[in-house]
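Shared between the two complexes below is subunit A, which has subunit B as its partner in the first and subunit C in the second.
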Partner chain A sequence: MTLNDTAHGDVLVVHVEDSRIDAARAPEFKTAMTERIDQGHVRLVLDLSKVDFVDSSGLGAIVSCLKRIGPRGNLAVAGAKGAVAKLFALTRMDRVFPLHASVDDALKSVAG
Partner chain B sequence: MPGVVRLSIDSDLNQVEFIARAVRSLCDNLLGREDAEAVELAVVEAMNNIIKHGYQGRRGEAVDVNVTLTRSEVEVEVVDHATPIPEHIVKGGEPLAFDFDATDLAGLPEGGMGLTLIRMSMDEVDYVSRPGENRLRMVKRIAAR
Partner chain C sequence: MWKAPAEVAFAVDRNGRGYQSMTIRTTLLLLTGVLALALIVAVGGQLVAQADARFEAQRLHAHDSLRGKLTLLASRLGEERGRAFVMLRSASASEGFVGRWRAARTEVDRAFEAALAEAGQRQGLLSRPEAIRATLAAATDVLHALREDVDEARGARDAPRARRLASRWFDTVTDVIASIGSLRLSLLQDAPLQDTALATESRLRRALGLMGEHMGRIRARLAAADGTGSAAESRALDEVVRDLGAATLALDLTDERQISGLRPGVADATIAVRKEFDGVFKPAALALLNALRARDRRPVTGESWFEAATRSIAVVDDAQRTLLRSSEGRLRDLEAAGQRLMTMWAGLLIAGLLASAGVMLIVRRRVIEPIEELSAAMLRLAENDLDVKLPRPKRRDEIGAMQTAFRTFKANAMQRQRLQRERDALNESLARAYAQLRRDLEAAAAIQEALLPPNGRLGPLRHVGLFRPSSVVAGDSYNVIRRPNGAVAFFQIDVAGHGAPAALVSVASQNALAQAALGRHGDASLAVLAKGINSDWPDELPYFTMVFGEVDPVNGEGRLVQAGHPAPLIVSRDGSRRTVGEGGLPVGMISEADYDEATFRLEEGERLILYSDGLTEAEDAQGRPFDEQLPALIRRHANADAEQLLEAIDEEVRRWRGSDDLDDDLTVLVIERTTDREVA
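And now, the complex of A and B:
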């Protein structure tokens, strides 16, 4: 699982470079995200623009990141499309993570 | 055009993607993009549940997937020899939609969504468990074009 970071002020944008976040990859994804959060990155944008499939295990890992951040910060999702956006809608997680079309839009929502 | 394709993988989460891609490409010419994606999600959730809960992560067991294509529907049958899904869950113990308090951060679900997603994604779902064998049958009807 490849994640690339770009810093925008105090917001860390995490670009998921793999096309899938599924049950096989979710544990590694969760560990990598938890490391970032525990290093103090509590304002995060998760860029899913290269991802074309997420299953409920992948979604659960994203939810666990939000819980880990807790009231200290925020996690916004950018670039979710097709089946990925549909999963957020089906599970009603789009109420928890507003889906932003672009990283720029997401940055505005998480900036303090 | 009707036909049956039989696929089989080892009970390893890393192999679920192979079935997902195979089923997806079988569906692509028959179903629209959204319906093909729904079938892919249902198949992946079914296989994940079997491997994680049925086989409890144990590798070296077979998970078989039979895909039947007809003019009117795509049927995917997933067959395993693992511990069956508990009856109270099969019998509608799980809600048909997701209902949780989006403002209760600690209470957000992180799992247990698979079977509900399967039911939402497919037109028909049934599950038959016999001693030593479980069969989950899922049908997506082909929309008239």
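And now, the complex of A and C:
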């Protein structure tokens, strides 16, 4: 699981470089994200523009990150497309965290 | 003798074929043996040759020694012949002369005995001992017979008879001396001398022998001559002249050229002979001869001439003895050299044999036995016999290294064996545990499947299910229940993840949903119901997606809650389709989530199709999801039985996957509103 970070002020953008977040990769993804949150990065943008597929485990992992951040900060998801966007729509994730077409859009909303 | 097993093992290979069983043992021992044999043959050959040479030297010595004795015998005989001849010819002989005659006779007997003793002693080395003895015996017989005649004639004091006997005596003894000379020659021929010095000495001895003999004849004849000038005396004096010539010729054989290179003593003796002959004997003999011829008064008496001549001959005999001693010395040296060489070769042979035996012993102890021991141990180790023992290596050479390597092999093999045993035990317990788990899971799967409703009909609603877990048990589940008010409740669940934990949660959630479906009051909102289940869902459990709904079998009016689950499809007989629901949060993910209720109407002949994402997300080898294949597949089977539709879906997914394996559980539930005619 490869994650690349770019800092924008106090917002950390996490770029997921793998094409899948599935049962095989979800635990590792969750651990990596939890580390960042525990280091104090509570304003996060998750860039999924390179991800083609997220399954239920992946979805669970993303939601658990959100729960871990809790009221301290917020998490936005950017660049979801195709099957990923469909899954988010199906599970109504727009009610849980904001979905943005691009990282820039997400940064604006998180900063705001 | 423990070698047998190793050799047997070597002689037959693993396939049972015999092969060249030339073991290291055979090779090394054969090589050492061949070397030892070559040594024995070479040294033995030398030894035999040396023994032959030594025997030859002994033989030469024997023959030469006997020849020496015969030479002295001939000289003694010459003196006896001369003295007896003089006494027989002249009536008066001084007492001293007679005494010396007797002494000469004794000397001759001794010389005979000495020669015979020598011949007897060296019998084995002489070529013809019998012939030699016979010749000597014949000579003795002839001499003894003559001596009797001589004694008789002297006793009778018959001067004419004595004078007659004198010439017979002289001639016969001369013949005896000649026969002894022949015997010497034949001895020389039997054992010819190859050594140059020895041959020269032998020639000198022969020349001196001849000289002595001729001088002896001259001595006798001149001593016996009475100056009468008779015809017999004249013939005798002619003989003296011939003998003088012969003696001079013989002396010429001892000239400087002959004696050069001989030992100084020998050369001196020869020169003394020349001096004596040329300076004393020959002038005296010539003076006497001339006086006799001229019938002058004799310058000396017969007896005094005889004694003077005897002194000259003694010089010759001395030279003869010196030569004999020299030859004897040379022959002894030859013999001793032969003996030394033989001893040396015998010593070499023994040393060679000892060395060969030593080499064999060392090769056996230091090479063959350790290698055989190692090889036997290796073979046993190769057959996994770990009880095999080998002495601790004490050597720092290659064999020591091999022994160390062997011990390492053995230690490794023992460790391997122990690890293998541990692995085997572990594998066995794992296999048992796995079998137990597998049995448990299979039992759980049977229970899980028993919880699913059998395909059937509730009034005009027919329901058919497809259930394919990705492993033994599934996180998917569904149910169709008739409520007390006649409505038909249905739901489909997909717990996040799969396998045993998902299956357990799946059973729990199925139970919760079934309770909720049955316990609900009348037309209470499904959205509220879903919200209740969601908020009650324990945080520790994985979330699940579901479609939960109900339909009125009479008019087909229905409603449902979609919670993260794919939206159900309604498909008409003509193949047209629509989806129900706007999506929703999975249950157990966000405890304060709200849910929406969607309504629908299932017309007669229409089918409500619920499916888990295991169907749409089933990927082919290139990673493409089955998703897009679904609409066409459903359209193709719009008019077929629901069972046929599910069979087709099952088949198509398998073909799409390229195998029977699934990554995720796959569940499809079809609820069909049949026409009244179909009900009948």
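The definition used in the following text is that the second predicted complex is superposed on the first by the 111 of 112 C-alpha atoms of A that agree within 3 Å, B and C clash if a C-alpha of one lies under 4 Å from a C-alpha of the other, contacts with A are read in each partner's own complex, and residues count from 1 in each chain.
By definition in this document, a residue touches a chain if its C-beta (ideal position, glycine included) is under 8 Å from a C-beta of that chain, and two chains touch if they have at least 3 such contacts.
Quick caveat, the model's predicted, so the values are computed rather than measured.
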Clash or fit: how do subunit B and subunit C relate after the overlay on subunit A?
clash
Could you say whether A:Lys81 touches subunit B, subunit C, both of them, or neither, answering first, second, both or neither?
neither
Considering only the touch criterion stated at the top, classify A:Lys108 as touching first (subunit B), second (subunit C), both, or neither.
neither
State whether A:Arg95 touches subunit B only (first), subunit C only (second), both chains, or neither.
both
Going by the contact rule stated at the top, is it subunit B or subunit C that touches a larger number of residues on subunit A?
B
According to the stated criteria, A:Gly70 is in contact with first (subunit B), second (subunit C), both, or neither; which is it?
first
Would you sort A:Ser57 into first (subunit B), second (subunit C), both or neither based on which partner it touches?
both
Identify the overlap between the subunit B-contacting and the subunit C-contacting residues of subunit A.
23, 53, 55-57, 59-60, 63, 83, 90-93, 95-96
In the complex, go through subunit B and note every residue touching subunit A.
13-14, 16-17, 20, 33-34, 37-38, 40-41, 44-45, 48, 51-52, 97-100, 102, 105-106, 108-111, 113-114, 117, 120-121
Seen from subunit A, its contact residues with subunit B in the complex are 20, 22-24, 53, 55-57, 59-61, 63-64, 66-67, 70-71, 82-83, 86-87, 90-93, 95-96
Quick one: which bits of subunit A touch subunit C in the complex? Just the residue numbers, please.
23, 53, 55-57, 59-60, 63, 83, 89-93, 95-96
Residues on subunit C engaged by subunit A in the complex (per definition of touch)
494, 496-498, 542-543, 545, 562, 564-567, 582-586, 589-590, 593-594, 613, 617, 625, 627, 664
